[in-house]
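First subunit A sits with subunit B, and in the next complex the same chain sits with subunit C.
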Partner chain A sequence: MGNKRNKILLVILASLIAVLFLIPLLWMISTSFKNDYEAIAGGLNWFPKNFTWDNYTYTLLSQAIDVPIFKWMFNSIFVGIAGTLIIVAIDAMAAYGLARLDVPFKKVLFPLFISTLMIPFVITFLPLYMQFSNLGLLNTYAALIFPYTANAFGVFLLYQFFRGFPKELEEAARLDGANKWDIFIRIVIPSARPVLWTLAIFSFMQIYNDFLWPLVATNTPEMRTITTGIAIMQQGSFVSSYGKLMALTTIATIPILIIFLIGQKQLIKGITQTGIK
Partner chain B sequence: MAELRLVGIKKVYDKDVVSVKDFNLEIRDKEFLVLVGPSGCGKSTTLRMIAGLEEITEGDLYIGDKRVNDVAPKDRDIAMVFQNYALYPHMDVYNNMAFGLKLRKFKKDEIKKRVDNAAKILGLEELLDRKPKALSGGQRQRVALGRAIVRDAEVFLMDEPLSNLDAKLRVQMRAEIQKLHARLQTTTVYVTHDQTEAMTMATRLVVMKDGIIQQVGEPKEVYDFPNNIFVGGFIGSPAMNFLNGKIEGNHFVMGDVKVEIPEGKLKTLRDQGYVGKDIVLGIRPEDIHDEPLYLKSSPETKFSAHIEVAELMGSEIVLYSKVDDQDFVARVDARFNATAGQTIDFAFNLSKAHFFDKETEERIK
Partner chain C sequence: MSAEIENNKKKRNWKSNFTSFLFVLPYLVMFVSFLFIPLIYGVYISFRDYNLLATDHPFVGLSNYAKIFNPDSVLSSIFFEGLWKTLQFVIYSVPLLVVVGLGLALLLSNLPKKLRGIFRTVYFLPYAVSVSVISILFLWILDTNSGLLNNFLMNLGFDPVPWLTRQPFAWISLVAATIWWTIGFNMIIFINSLNEVPEEIYEAASIDGSSAWQKFIHITLPTIRPIMLFVIIISTIASFNVYGQPYLMTRGGPGDSTEVLLMGIVKQAFEQRELGSASAMAILMALIMISISVIQFKISNPKKERRGGNGK
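Showing the complex of A and B:
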């Protein structure tokens, strides 16, 4: 009895929170279908009085705005995917090594890795900027990708998983004739799929959503990512045109949404596996 | 040809923790050898050294005529079954069994032939495309066995393979493993802490304690003639009773209770100078009787005692009682209706009992 009531209360609470999170998103979508006058006029009209696709057609198809929106999307997605792949590959190997292999000084290395999580980005970003500047890599994909790939979060997340990974599975594989690489690739990685997905989704979102670094690391319109692009538009062509701005932001959320939908199941599995266990 | 020889094997962890020492053992071809002992006695470590999963600190390990100390696990021609099955969670049953063969670059149809054959032996034919998650504990254990079978290895190593199963399934799988051994005749080393498993399955068993072999022998021999108090107490359930007393004349005396020692045993004790000394009597619960006929025929070992607890097991009753304030357990026939609270007569069958030195705890032979 009581159990069931608790469950109902929990569901209601969860729904409320979900709605709370959804409101800005829905408002964004709603606004993207309003004309400029209605968008600016305010008022809590969730359904546009004069429903219009104009914002989308204008943003995507019009020659009037001279900015490479599709290039921005491409940049963001490309940088996001490339960065994510590198992060997952490096972090998986680093975490497995630290958790399971005889790595010299690993007892010192691991805390050192983790301590970097406590350094806020605002502290490192200027040195990082100068570093890339000195290397002549500013305004390149390398500048947009590599700063993200040195991140201890994934090492930490995967380390926890690999630590809990049953030793017997590795031993069974050893007796079956597998070497360390076989074990890693054919036994450990497939079992870690949900956690790897979790890391991948987090990483992709982090890179895709980031604003500050791409803003300072790039300086030509062609190299901008979608987040910085939106900012440019907000101060440029779309200034005070909320409908178009929201249309652009709505488009920008689509890749994240797709990635999330693909990985959702694995993500939940991954969180429960590493969290509760 | 798969004999194993362990010569002076020693295992030291972290430079000073000795897990196994002075381990000398010959494991015969086709034997089902059981390593048994309480947890922490070094039995699993020994098995893992044979597997190559632990390094051997000292001593030599031979499989056949070949010294294999420095041979990698995969090249030792052994297969191992783990306590928690260690099935690869992302592979179906077929691939779990085939994995080792694939790594060894077997041809596809040979792999299929072997896996199908193992599946047939173990009754897994219907389950080949299932993932381990979708299997019951018993089925998982069978897959783990199948993985060992397909390898056609010289030696099987099993590390407590039944301890994750429920009691009923354990008994069933026990029989199945025995059948499998009878059929395949593969030399097997089996580790367990369960003395019942050890007794029922072993062709020979090795009782270990604190990293040292206490006794090696056939189950019946170990049961009937335990080398020391530890082995006597470990093998058999309920455990052997150990009663402190003294030899006076031709009697074993516990406080006010005197029982007469049979001639043969008495001679041994006398010859070795135990008369008048403190000594330990070891007697199994089934060698303590309460049947009127036995009491009548053995008045020389008769005494009376108060029953504190009586556990009816069906055909027999286990009685918990005291003599000279020392606990003992008797397993008697349920027909005679002994119940808690009664004071009844007991008699020891001393011809089946053993005497142990109080200092060394060794059996006096």
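Showing the complex of A and C:
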């Protein structure tokens, strides 16, 4: 049947496009195992002629003062996890309060929060910089974590979930004498787990991958995150040393790729529910 | 006695309101500290001659804004030339981000069910990677002498192309890297909206003898139109925010042809150390973007009514 042949053609087309999507990542890995001469010499050799781990041992183990890559990875992962935990905790509380409890002025607060989803980061990043500078908190974890926690995205996402949450469970617990906090911790949070994971994955990826804010909020090598650190290496001592740069970008990409592959379902759910970048 | 009950009730209400408010309080603190105050503070800075090195930051009223709109000032050329470059990036990237995103979604939804998941993952994969990794990776692939692409082209007998150092190639490269990076996101939104097109309508159209193209034009497109407008808007906003790609891949070059507005604002703030005028530019840029969001809001509202009409 023509239909079947069409399907096969579509699969071939999809595979060719898939190759286009994978080539850059595979080339990154391939280059990371080449020495700088082989990399710079060009050519199309996907398998390095002189396979070497040197780029990895150099970037990971050398004492070169401007490549504290373990510190960068630690910073990124620490800031990502801390920020994510805060966001999930405070957004879940706020969204539940606004959706289900008798919070005063909630008819004003919720629209106020949601309207800020339209406000682009460009308008707040300079005053944020000044605020942290005035407090002497530039170049600290506080500066790298707190600005993300004001984002209303999580409140919006979780509000929709709590709105549709069945009332009967809460009421049964209330009759048993449980207070609001008990109900929230023991009943609401456990049943909200999937949507909380969605928010967690979004938040972690956003913080881990962010570029502009950590670039302006930090100014010493030890406080850089991995995304800003590699950008600075590319302009500094690794300039056109592509073997080392590709080892660095490969290392930087591994954790987030693992998170992505584990959390892909939640991520897709979050995008389709809210459509917010 | 009834007054006492009334009183107790009020007390209880007050207590209940208070404990409920505690749920919102932590987020509210963050919201005020890191969003609300910065907004006000940003406006405050923009009304001042705020040099980072000076100890005194005199109030200058609207003079920073006036300079931006005075065609003879340096500030004006930074703002409007930057805005024009940002707009160019928007104009080049958004149509492709929408059309390619939709194309990939259509392709996926026509694949055998078993294969959809794997291809979706592959197309979506680059979205996980940070802008600095993407930029450095493309910097390497597009390198004029040693890059993968030019080596491939030379093998086919073509001359090497100065992908990052001459126009229009620099724009092409920035747009290509951006599409590779973010297209999966738009694709996911389109896949979801394609799933909402009722199967029966397609079947009815098949019985009527409609071709695949006719079905696409007369059934698919009208159904997903609200989502399409939505994707156009969010892609426009995302493209407006472009910074990392030109900052790392072209350094604003060749010349200053890709020095987008956000780059100009960051330079004004941290190289010229003129926070006041940089804040004024940032506020104007944000106002332009918010206007686009408001238009989105107006466009996406009728969508909800229509969905409601379908009894969903």
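The definition used in the following text is that the second predicted complex is superposed on the first by the 215 of 277 C-alpha atoms of A that agree within 3 Å, B and C clash if a C-alpha of one lies under 4 Å from a C-alpha of the other, contacts with A are read in each partner's own complex, and residues count from 1 in each chain.
Keep in mind that, in the parts below, a contact is a pair of C-beta atoms (placed from the backbone, for glycine too) under 8 Å apart; a residue touches a chain by one contact, two chains touch by 3 or more.
A quick note: this is a predicted structure, and the numbers were derived from the prediction, not measured.
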Subunit B versus subunit C as contact partner of A:242, first or second or both or neither: second
First, second, both or neither for A:264, with subunit B first and subunit C second: second
More subunit A residues in contact [subunit B versus subunit C]: C
First, second, both or neither for A:14, with subunit B first and subunit C second: second
Partner chain(s) touched by A:43 [first = subunit B, second = subunit C, both, neither]: second
Subunit B versus subunit C as contact partner of A:111, first or second or both or neither: neither
Which of subunit B and subunit C A:123 touches, first, second, both or neither: second
Residues on subunit A lying within both footprints (that of subunit B and that of subunit C): none
Parts of subunit A lying in touch with subunit C, wherever the complex brings them together: 7, 10-11, 13-14, 17-18, 20-25, 27-28, 31, 39-44, 86, 89-91, 93-94, 96-98, 101-104, 106, 109, 113, 116, 118-131, 146-147, 149-150, 152, 155, 179-181, 184, 205, 208-212, 216, 226-228, 230-231, 234, 242, 245-246, 249, 252-253, 256-257, 259-261, 264, 268, 271-272, 275-277
List of subunit C residues in touch with subunit A within their complex: 13, 16-17, 19-21, 23-24, 26-28, 30-31, 33-35, 37-39, 41-42, 45, 104, 107-108, 110-112, 115, 119, 121-133, 135-141, 143, 145-148, 150-152, 155, 180, 185, 188-189, 192, 230, 234, 237-238, 240-241, 243-244, 248, 262, 265-266, 269-270, 275, 278-279, 282-283, 285-286, 289-290, 293-294, 297
Contact set on subunit B toward subunit A in their complex: 51-53, 73-74, 78-80, 82-84, 86, 88-90, 99-100, 103-104, 147, 151
Parts of subunit A lying in touch with subunit B, wherever the complex brings them together: 166, 168-169, 171-178, 182, 186-187, 190-191, 193
